[in-house]
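Each of the next two complexes has subunit A plus one more chain, namely subunit B in the first and subunit C in the second.
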Partner chain A sequence: MKSEQIGNILVIELPQRLDAVGVSAVEKKFGEAVTAHKGTTLVDMSNTEFVASLALRMLLTNHKEVKRQGGALVLCGLQPPIADIFRKSRFDTLFTIHPDREAALAAHT
Partner chain B sequence: MFERLRQVAIFKGFADADLARLAAELDERYLEAGEVLFWQGDEGNNCYVILTGELAVITYINGTEMRLGTRCAGEIIGEMALIDSSPRSATVRAVTAGRLAVLNKQHFTTLMSNDPVLALELLRDVTAHLRSTSQRMIADLEQKNAELSRAYEELQAAQAEVIRLNRLEEELAVARRIQELFLPRTLPQFSGWEIAAFSRGAQAVGGDFFDCIELPNGHLGLVVADVCGKGVPAALFVALTRSLLRAASQAPWAFQGNRITDPDLILTGALWLVNDYLTREHGDSDMFTTLFYGVLDPRTGQLSYTNAGHNPPLIVSRDGSAIRELEAANLPLGVMSQQTYATAQTTLTAGETFVGFSDGITEAMNMADEPYGDERLLTVLHAHAGASAKDLLEMIVQAVETYVAGAPQADDMTLLIVSRAMLPA
Partner chain C sequence: MEQNIEVPADWESIAHLMAFSDEFECRLALSEEQKYLLRLAIEEIATNIIKYGYDSGSYGVIQLGCSCTDGVLRVAIRDQGRPFDPHEVPAPDLCESLEQRVVGGLGVFLVRELADDLSYSHDTGSGWNELVIIKRREDA
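Right, the complex of A and B next:
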């Protein structure tokens, strides 16, 4: 899991596989980074090829948490199968989703 | 011999004449390095005065050699067997090559009775050797004892861990049997329809479930659901969600004199209630459930349904040429309160088959961590469209198992297949 600060946006790059094992490997660090940042966190999923339901739960939990602090999780770079999962579960209605990192940064800075 | 005996400390009190007389009577024995003088247990008729070289006194404990001490030039060895007329108490072996003067029992007895100073000297030596041997044995025993205690404690801890794990396993086995009761024990039978179902957890207990709920007006509720995650946390939510959904589906007509029979009202009412309860009472857990819920009228084949974020079930045409998805996408249960669940309608015509499943089927992983995928499932459905529900289910499970080829089950797997006969009865 890579993260960097661009302006006032925290950008976190999620790994390739977010199955149960992948989620438990990043969950703690992800949550700590997002809640410590408080503001807008851009989650770059362009490398992510597989998401289990626990990955959706991780995003949802942190989104709810950071929203309470006035922040938000913003997603970008969803590969077509991942975008399909978000659409079928209507998780696409819970998050602001941008096609790629440039578009997301342009919209939020 | 005389010169050599003269240098031996215990003979220092002897007059030259006496020592010369003794020397003349004694044999000399030469030992190579490593040569055994006598073995433990041998009968002992001689003792020896070490003239040159060094000897080791050894014994064997459980087959392991243990050195009790060493004797050097000027010392006597083998005297104990002569004192108490018992077999040799230890083995004696030459460490270096050396020479010994051999005293037989008679020489020894004569020396002891004629020279009290020598006797006392010898007694002192024997006592010192016994004392040091027993001290070494005690120290060794203490060390062995400590090692044994440590090993025993480790064994006890390991045993406690085994007992704890066994108890956990037993509890999980009980939980599994209880969870099986949360699935329908028998599937309803309707003339002209066939129902088959399968659910297998990746762990002892699972996060998937299916249900067939008998509703008023002869309607049948068809449910396929998947709680996020797997194992015990997911299983607890299965118990909760399944119970709530059944109660909420059956309550309106049970409590209101069978007045509510409209499938859409049952669907939207039940899901609203279950979702509201989950978000209100268990929202902090951030657990959500994807769920497909359809209400089938077996007389007409009409299916009203709603889909709370679940993999869309498929309707396979009678010849397998067309497969359509039942999407009607809504948020999963437990994500957000006050949700109104949109419903949709379709009809299962004669020969069509409904296939509901969880992502444990399409995302079953092979050894290379590649998912089974939607395409492979569709291929099986195309090829076997005319099969009975039971046969089709077995073929899908078989196809997935062939694909994963023994890789551990990654996620819970559930299938619910409902097929309508070619010619309605």
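Right, the complex of A and C next:
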């Protein structure tokens, strides 16, 4: 999991596969990073080719948590199968989603 | 021909099942949608069996069988744990309000959404459950 600070935005790149194994590898670090940052975290999913329900749970739990602190998780770079999962689970209505990192940074910085 | 694997119903097995699915994908010309469903089915259904299927402390297995004939992917997942028909799982809360949205309950729903067909059977004599998931190639 790569992360960097761009202006006041924390950018986190999620790995290729967010299955049970992939989620357990990043879950703790991801949660710690976004809650420590408190502000807006941009989650770049452009490398992510697979998400299952555990990954959705990780995103939603942390989104709710940072919202309480006045921050947000913002997503970008969803590949078509991932965007489809987000539509089917209506997760596309719970998050602000940008097509790519440039568009997201332009909107939030 | 069906390719099979049997693993213990524990967390370490998920990685073995995923490796099996990677190998299966390479050998057969699956579409991107079929590959996704295969992984999703293994992940969500096997995870449910590990979590809820068997009594804690008791040994159980998960069998996975995959075949692809004439563009039709057939994934069979078998176990001897508690009977569990995915059709009977209520639809999850898809509430669009973040505050009210419940975390979780999406696994079986996503498998149902992505699959073309899902059939479940429980053999009371042997205690085996079998879930068969079908996904056709879009051009088949």
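In the analysis below, the second predicted complex is superposed on the first by the 109 of 109 C-alpha atoms of A that agree within 3 Å, B and C clash if a C-alpha of one lies under 4 Å from a C-alpha of the other, contacts with A are read in each partner's own complex, and residues count from 1 in each chain.
Keep this in mind: a contact is a pair of C-beta atoms (placed from the backbone, for glycine too) under 8 Å apart; a residue touches a chain by one contact, two chains touch by 3 or more.
From a predicted model like this one, the values you see are computed outputs, not experimental measurements.
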Fit or clash - subunit C, subunit B, common subunit A: clash
Touched partner set for A:Ala52, first subunit B, second subunit C, both or neither: both
Contacts of A:Asp19 with subunit B and subunit C, given as first, second, both or neither: both
Which of subunit B and subunit C A:Pro99 touches, first, second, both or neither: neither
Which superposed partner A:Lys88 touches (first subunit B, second subunit C, both, neither): both
Touched partner set for A:Gly7, first subunit B, second subunit C, both or neither: neither
Which superposed partner A:His63 touches (first subunit B, second subunit C, both, neither): second
Clash with subunit C, by subunit B stretch, listed 220-228, 256-264, 346-354 or 382-390: 220-228
Common ground on subunit A, meaning residues reached by subunit C in one complex and by subunit B in the other: 19-20, 50, 52-54, 56-57, 60-61, 64, 88-90, 93-94
Interfacial residue positions of subunit B with respect to subunit A in the complex: 226, 228-230, 286-288, 290, 307, 309-312, 327, 329-332, 335-336, 359, 363, 369, 371, 410-411
Complex contact set, residues of subunit A against subunit B: 17, 19-20, 50, 52-54, 56-57, 60-61, 64, 87-91, 93-94
Subunit C to subunit A touching residues, read off their complex: 11, 14-15, 18, 32-33, 36, 39-40, 43-44, 47, 92, 94-96, 98-99, 101, 103-107, 109-110, 113-114
In the complex, subunit A residues that touch subunit C: 19-21, 50, 52-54, 56-57, 60-61, 63-64, 67, 81, 85, 88-90, 93-94
